[in-house]
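Next, two complexes with subunit A in common: one pairs it with subunit B, the other with subunit C.
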Partner chain A sequence: MEVFLYGLARSFTLALMAVGFSFAYGVSRLPNFAHGAFYILAGFITWIFVQSLGLNYALSIIISLALLAAIGAAMYRFILIRVRGMEVSEIIASYALGVAILEALRSRFVGTGFSTPSFIEGTIKVAGVPIDLQRIVIICGGVVVVGFIWAFTHYTKVGLSLRGIAQDERAALMLGIDSDRAATIALAIGSALAALAAVIILPVGSITVNEGYGVLINALAVCVIGGLGSWTGTVMAAFILGFAGILTATYIGSMWEAVVVVVAIILVLLFKPSGLFGRQKEFEERV
Partner chain B sequence: MHKRVIAIVLSLVMVVTLTGIVGCAKPAGGAEPIVLGCPISFKATPWPLGGKYGWELAVDEINAAGGVNVGGVMRPFKLIVLDTRDEEPGVPVSECLLGIEKLILDDKVDVLVGGPSMSEASIAALDLVAKYDIVHLVTSGTWTPSWGKKVGGDIEKYRNSFKMSESAAHAVPVGLDLLEEVRKEHNLSKAYCIIDDCMFCRNAMDVFAGLGEKRGFTILGRDAVPPGSTDYSPALMKAKDSGADLLFFWTNTATSAILFKQFVDLEIPALPVGFAAGAQEHEVYKAVDGKCAYILFPNPHACQTATKLSGDVQFQEAFESKFNKKPFGGCGGAYAGAYVLKDAIERAGSLDTDALITALEATNLMTVNGRLMFGDNHEDIYNQDPEKGIPTVYSQWINGERVAVWPLVLADSEIVLPPWMK
Partner chain C sequence: MVTETRRKERLDRGVKVRTEKLYAVSGWQEIIYLVVPRLALILGLLILPLVMPSMYWQKVLCSMGTFALLAIAFDFLAHYVGLVCLGGALFTGVGAYISGLLSSSVGLSPALTIPIATLGGGLICTLLLLPCLPLRGVYFAIVTIIYPLAVVRIITALNIWGGTEGISALATLPNIWVEVYLILGMVLIVLFALRRLVNEDYGLVLRGIKDNDQAVKASGINITFYKAQAVFISSAIGCFCGAFLSCLYGWCGLSLFALDFSILPIAATVMGGMGTLVGPMLGACILTPLSEVLRAIGTWRIVLYCVILLAFIVFKPEGLMNWAQRKYHQFEHWEKI
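Our next item is the complex of A and B:
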């Protein structure tokens, strides 16, 4: 039971970390390599509002999400729009912005004393297994976020236009959907999702600058296994990596976790080069 | 007449200007400062930042008290801190060495102090320091015993380098001394090890497990968790299932605060002892809602938490007053280091390298951390009796404070077991 429960928490942690990256890429084909930096930036912004300024926690979270959405949109409008279509330049530009954010944060936030409060304090026992309530929040939050994205992209006009762009940009343009506007919205939502992941996940630990790089790597690993741009694949991959990690840690040894994750990535890419649910390679081969 | 007036005015202007230029070369009333170059990676982790603060506080105090008596002239310290970034991920050691070289060649420092923080950078710096024949006093970071082995192995070559920061060679065995006391008092002897998966932590675990078994402790299991992990529950649950009553941990990452939070949440019935990078700052207690309670960790210098040595409480108050934080990281060694250097310079009577090395080798000074003397390998002599050397102090989080509990001569409290162990 403990493997199932903590495996579930770990899977949704990974899914939350990756879903913003996957969403933005799925719609705009723009790899946001500042994703990890946005995650940590949201954590520190929330920390400043809550711990330094004494603002209401919920309000602080809303402000963080709004700020990160604005930063994501601005990143597209002022930086990425100029290099759109040049894949290497897109990666370099967004990664450079991410490094600049993280290193700027490093000059101010040194130490381990930065943590946001848990949404609900305490521990409960599920079938005899104790688990802290914040991890339950992560599980519930993961379900809600995945459900929200599905509903948003299937039942709202904006969401449907984003899917249209993702499926066939030229056809969508002919139907009057503005590609740049869609990309701006996608990066705003993707960045806000990174912020949402941060405010849900960070209360279980502490906010540290170096974690920004780790989050980006985790998000990339999940997206590569799931298939870049596939939201279903992202969730599936998060579950594969989450449960592979916890099963390895429990039955083999924690030190082998990273090895198993890397082997999983290699195996998936070997047999499904586009990832479990990705179709990029297949398209390229067809062309 | 008119020309004579102009000539006199011009002459006066020249005299005033020349006097000014000469005056600039040696400011009136101010003796030439002793320039200290402090290469330290102070933006990555709290440990070296504490080291930087320790030097800044001590330099301010020494200068306010008149400075350093160098052969009858009172000269102030001037501290030049350079961020070597050696603790930041992906920064090669060569960057740190370039920084040190800049301090020596561009800033023309008289003595190197403080870091580097990472052991590999510190060891790599030994040859550079020897090449430029400058005295180097390492006061925070560099916990590896390899530093002392390298210096002791060729003391003629590395005679310029001295180290008075903590050493893993002391911290782990002292932790076992403490556990022997715990075994006597509470009959706890079965240990489970959880560490961050890096060489520093692995070496500590190997030493602990090896020495622990020799001393009659049972090692029930070992788990090396990838650094940066957000979930220590599998390892903690295995520790719980194993029946361990002692939890040995050695963690090098800030995210290890999660380990302690989960330890409390899961109510693991074991006394946690070890190195806690994520739980040493005073602010951590508030940040983790008190879920670092009961853990025992090397702090390790007496002045940071203990109160029984002369000057400790004054240091803690002065530190908090200046930085609005309680002492943390490598501040204790750094603070004492400034006074050790002052003492050596005053005895040497000059900044001459050979004279200063001889004076440092002869150091016998009671500091806020205990009596400081250097051994044959230029490392400070360790002794749990602060009158005979520098002790390694273990503290425990008790009621929201870091309280010194070991060695007994410096203890301000008895060791407290987590309430769920009773």
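Our next item is the complex of A and C:
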């Protein structure tokens, strides 16, 4: 039971980390390799507002979400728009931006003494297992965010236009969808999702710069395993990785956790190169 | 909306057109036109160690050479095969650890450990990347990013091969001249060999894989095999750099898997001009001394590389070398529309 609960929390942590990247890439073909950096940046922005400036917690969360959305949109408007369509350049440019942000943060925030407060303090017992409420918040947040994104991309006009761009850009342009506007929105939402993940997850641990690279890797791992453009894939992959991680940590040893991620990726690539649930553009994108 | 009233017209110089064919040897002018840039590069690299003021700067030359090699390897893989490898640190790390382990446990001399690490490391890296070879574009980049970070975690977690301390007191190369000329000679050899390779039929297949792999596949060519060979070439170069560094410092450790070895070569490639092979070397020759001068600012160095990288990719995507080649080969003038 303990394994199940903590595995559940860990799975939703991974799903939250991945959902922003998956949204930006799976929906609008923009690899945002600055994802991990945005995550950590959001954490530090919230930390500054709450701890240094003493602002209301909820207010500072909203501010940091808005700021990150603006940063994401600006990244597209000023950088990625110039290299759109050249995949190599897109990756390098966004990765460079991410590394620049992380390394710049490293010079100011040294050590592990930074953490944001939990939403709700305390622990409860679920079926005899104590679990802190923040992990419950993560589970609920994960469900809500994934559900929201699914509804957004399936039932709203903007979301549908984003999917249209991803599936066939030319046809979408002919139907009057502005590709640049859609991409700006996609990156803004993707970055805001990274920020949202940060404010929900970070109270459990502390904010460190190295975590930024870890988040990027986790997001990428989830997307590779799940297959892009598939919501079930993202969630299922998060569950597979989350439970595999928890199970190895409890029964074999926590040092093997990192190995499991790599082995999982390689196995999936060997047997199903388009990911477990990837359908979109399977043939031309990958193999 | 501003309408342009003039455009830039570019024309190849007469001497360029003549030197492309047999007439290249028809006169001194043509021969000089062809030989001067190449000779300037070779002599420049060979003389550079002699004019360096101190031992310290000769060491800087050594690390410049390694970054130049890594940048050339990245450029080869990214722009001739279409595999963007964001984890170049995997190659240096593997090479360094192989040579370090051979040196510390078996006691081999660098003359043996470096070649073994180059070939063996290339083989190991190719085998590691083999599952990812069917992937292309973003997906390959995604997976290669993960490798060096995962290896670091595995080594720390298992506490093998010296753990976080690394392996120290390895056999080093006899003296600074051997070190500096070994690496610079290697840069020249790799540069000219790879340039030759990509212009042969073999290179044509590789570029075909980059542009349209389905068409190459349809011609009955096994693309995964070709990709594996290209990865082997590139990773062997990377492993040589790692082995060389471990012999240079007499130490190998986790920092050889560090981000520097992935990011700086990419920055050098973008700065020098993608797809030219010489350009990345030039970029490394500019960036490495720059980062030595800026050693005092610590972690801001990486920020600086990234900013340079972004500036070049956004505002000057052709890079220095493509620009210089254009100036060398072509006239330019404005023309009214």
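Methods note: the second predicted complex is superposed on the first by the 279 of 287 C-alpha atoms of A that agree within 3 Å, B and C clash if a C-alpha of one lies under 4 Å from a C-alpha of the other, contacts with A are read in each partner's own complex, and residues count from 1 in each chain.
We adopt the following convention: a contact is a pair of C-beta atoms (placed from the backbone, for glycine too) under 8 Å apart; a residue touches a chain by one contact, two chains touch by 3 or more.
What you see is a predicted model; the values in this text were computed from it and never measured.
By the document's definition of touching, both partners, subunit B and subunit C, reach A:S107. Once the two complexes are laid over each other on the shared chain, residue contacts for A:M255 go to subunit B and to subunit C alike.
In the superposition on chain A, contact is made by A:E87 with subunit C only, not with subunit B. In the superposition on chain A, A:Y25 makes contact with subunit C only, not with subunit B. Of the two partner chains placed by superposition, only subunit B is touched by A:E2; subunit C is not. With both structures placed on the common chain, the touch criterion links A:S206 to subunit B but leaves subunit C unconnected. Of the two partner chains, subunit C is the only one that A:A221 touches; subunit B does not reach it. Shared contact residues of subunit A, touching subunit B in one structure and subunit C in the other: 106-107, 213, 254-255, 258.
Across the interface of their complex, subunit A is touched by residues 78-79, 84, 86, 131-132, 134-139, 141-143, 145-147, 149-150, 153-154, 157-158, 259, 263, 266-267, 270, 274, 298-300, 302-303, 305-307, 309-310, 313-314, 317 of subunit C.
Considering their complex, residues 2-3, 6, 9-10, 13, 106-107, 110-115, 117-118, 121, 123, 130-132, 201, 204-206, 208, 210-211, 213-214, 246, 249-250, 253-255, 257-258 of subunit A touch subunit B.
Of all residues in subunit A, those touching subunit C in their complex are 25, 31, 33, 78-79, 82-83, 87-89, 91-93, 95-97, 99-100, 103-104, 106-107, 213, 216-217, 220-221, 223-224, 254-256, 258-259, 261-262, 265-266, 269-270, 273, 285-287. Those residues of subunit B lying in contact with subunit A across their complex are 42-46, 49, 88-89, 197, 223-226, 228-231, 233-235, 237-238, 253-255, 257-258, 261-262, 265-267, 277-284, 286-289, 328.
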